[in-house]
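For clarity, chains are labelled A, B and C in written order, and residue numbers in each chain start from 1.
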Amino acid sequence: MEYVFKANGISKKYGKYTALSDVNMEIPKGAIYGFVGKNGAGKTTLIRIMCGLQKPSSGFYELLGKTADDPDISKARRRVGAVVEAPAIYKDMTARDNLIQQCLMLGLPDFGNVDELLSLVGLADTGKKKARNFSLGMRQRLGIAVALCGNPDFIILDEPINGLDPQGIIEIRELILKLNRERGITFLISSHILDELSKIATNYGFIDNGHIVRQMSSNELKNECRKSVRMKVSDVGLLTKIMEEKGIEYKVISNNTADVYSELNFSTIAKDCDNVGCTIITMEEHDESLEAFYLSLLGGKEDVQKSVC
Amino acid sequence: MFRNLYADSRRIFFSRSFYVVIFIIFIYQLIASLLIWALTVFLSEGQVASDEIAFLYPSVAAFIVTISTLFITQRDFEDGCIRNKFISGVKRYDAFLSAVICGMLQGALLTIVAFVSSMIVMPILSKGFMDFSIPEIADYWIVITLACMSIGAFSTALIMIMGGSKISYVAGLAVAFLLKMLGTHVLDKLYPDKGNCMLTGTKLELYKFIDRYIPYSYLLDEPHWDSLSYIVGCTGLVVISVVVGVIVFTKKEIR
Amino acid sequence: MKNIYRANMHRILKNWIYILGCIIAIVVTFVFTANTIGMSERFEKMGCDGRMIFISLAMMAYFTIFVPLNTNAEYRDGTIRNKLIAGFSQKEIYLGILFSHITSLAIMEACYFIAGIVGGAKISVELLTKSFIMFLSIAAYISVLEMIAMRVKKTVLVAILAFLILYLTDNIVMIGNLLLVFVLKGNSFVIGRIIYNISTMGQWINMIGMADKRNNPGYGVLIIISLSIIIVTVLLGTLGINKRDIK
């Protein structure tokens, strides 16, 4: 498999504080990689290292096939776009001028794609308005447009839907999916809004306390996120007896509700309950959300598993 | 108003930059005095009179006070903390007046520090005053203090008026520099080294006005006007800063 | 680096503060050179050429404000990150921005020169030489400001340090005049003279003929001093810059 980014044992220390510790990470080509972690986990630090803003204290990485000390790394970086934390835009320039600046800096021969990019992010009608007068959402969109200049192969977005309204969130999501599908652009998206991420990510990386805890594909995540059937019955004690006889995992929620973690044949269960005199009031399927999975993986634990990749 | 004033004043003493400026005053006084002492003793083979090293601070006072007010007042805009004040109900003119009073406080405190540092250095490196009596020394330091307070008020008012824009970073410093240049030119014309003052008419009156009533000029030479002129000049600058500042600041849009 | 230079020149040429600066340079130079405001005594005696060189110092004051704010915008707006992400090194960014500022000085200098000629100054070898020396001297000053603006990220500190440099250049000249005329002799005079002419104002005072003739070490030496300042500040400014972390 081809990777756009591979990190090998990356650590980053700021004085005595360790922001990243022995991080191993792979981002497959063509993926939309969801990068998830608590505040202060080290996401932005790793992103800064990826973007060349900072150097790791130890370890090495490969970006689009080039290592950091490769003389051709700058050519590889030309194929990368990023929005790191706050969008980096000239506040005394218009949206158009900001994109022209980026095109000039990338050495692009013309500015033909500027108008297309502005339409793509919904800023086509900003005219002569200076970026300092933009709303937060508009600045965010402009930052994304700047990252898209030069048709990059790999785009890094640090909290891209910060400040966007619901319509804007949908538009950015669809833009990411479109660019990924049509142009094969690989994305790394760091976000706290897990439900939004779960709609688009094809791969995930979970980071905590400077370590990569898990990396997995979205399929693996689906399998891991536990499905259950929530049953509301007249007597939960009778239900638990049936479950134990069948060897089915369950969890009692209240004196009339239990979650059953298994594929159930509803007809069989109904018959068994009827036999023991237990009435089934309601049954509904539950998927463990990404949030719940995230909390079970990272939330509230003192000892975090080190990188398992 | 007083709660806000207390909070702003307290912030001065929590600000690292204020102590850095104090340190700079000490270092400047020490190094400049040592330089003058070395030049006088080794090159001119003379003795250093206290007059030469007691009043080194005025030549940089305008700059130092402007820096201090810039560090502390600009922070409010940079960090966005000025918004917290208005959100919690502080009125515009309260916030402005409080900032200006704190600017004056900084001017006064820094002058006191300069006075103390000169009193420490003087007896070590010099033999005593040649041309100044004790009342004259006291008068000079009072004028310096008043001038620094009014400059502190003015530069704070400038920052509050322009706060949040790029120009606010340089406006006070540019004004201090320009007025220093102007004041030097005015002094040179009014009190030439050789011969008499050749100015007449409107030009003479204008130059005299600048020398007599602009506090930045007070820091360029020892006092040579009556006390009332200095009080009027300093008060005038403070009043103009406050009046214009309040009018502009109450209408200003804060981002 | 070429792309950084081009991009920054594009930005400067669109900046209204710079355009206004060029317009003011033209107007003020013309007015001063042609003496349309009727200045008397010392300024009348200078002649058109002398007045033209005299007013060139205003560009130094202008760039004291322009260079730090324009350069520091890279940190304030965070746009230096875009350049680093695109693969440029911090050294390339430094040099690209420095050269664009020196080019902007050259453009302003051209405006000033044309305005001076229109105002009555005569093109001569002397005028061209003095203008060139002033250009190099202000370029050296810009190089110092650039070093500060690229190494110091806080805007307040950059503004303060820029004006501190301006103050220092002024004080070097004031104290230097005194020392060079009355105190320093022999080797100490030679060293003092070089330090005096490191300051842009020192070179300016020599160009307008207000300093003692002995303070002028010669046009060749002045050019060497300015070029040396540029080289030293670039070396110091780029020392270890690529290892710096950017947030």
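To be clear about the criterion, a contact is a pair of C-beta atoms (placed from the backbone, for glycine too) under 8 Å apart; a residue touches a chain by one contact, two chains touch by 3 or more.
Please read these numbers as outputs of a predicted model, since none were measured by experiment.
Chain centres here are C-alpha means, and the one lying farthest from subunit A is B. Located most centrally within the structure is C, per distance between chain CA means and the overall CA mean.
Subunit C has its Cα centroid 28 Å from the Cα centroid of subunit B.
Subunit A and subunit C have centres, each the mean of its CA atoms, that are 49 Å apart.
Each chain gets one centre point, the mean of its Cα atoms, and the points for subunit A and subunit B are 54 Å apart. Chain contacts: subunit C has residues 73 touching two or more partner chains. Residues of subunit B touching subunit C in their complex: 39, 43-44, 60, 63, 67, 70-71, 74-75, 78, 166, 169-170, 173-174, 176-177, 181. Residues 65, 68-69, 73, 155-156, 158-160, 162-164, 166-167, 170, 179, 183-184 of subunit C are the ones touching subunit B in the complex.
Listed in rising order, the residues of subunit A touching subunit C in the complex are 48, 51-55, 73-78, 80-82, 84-93, 97, 100-102, 104-107, 146, 150. Against subunit A, the residues of subunit C that register as touching in their complex are 2-4, 6-7, 10-11, 14-15, 73, 77-89, 243, 245-247.
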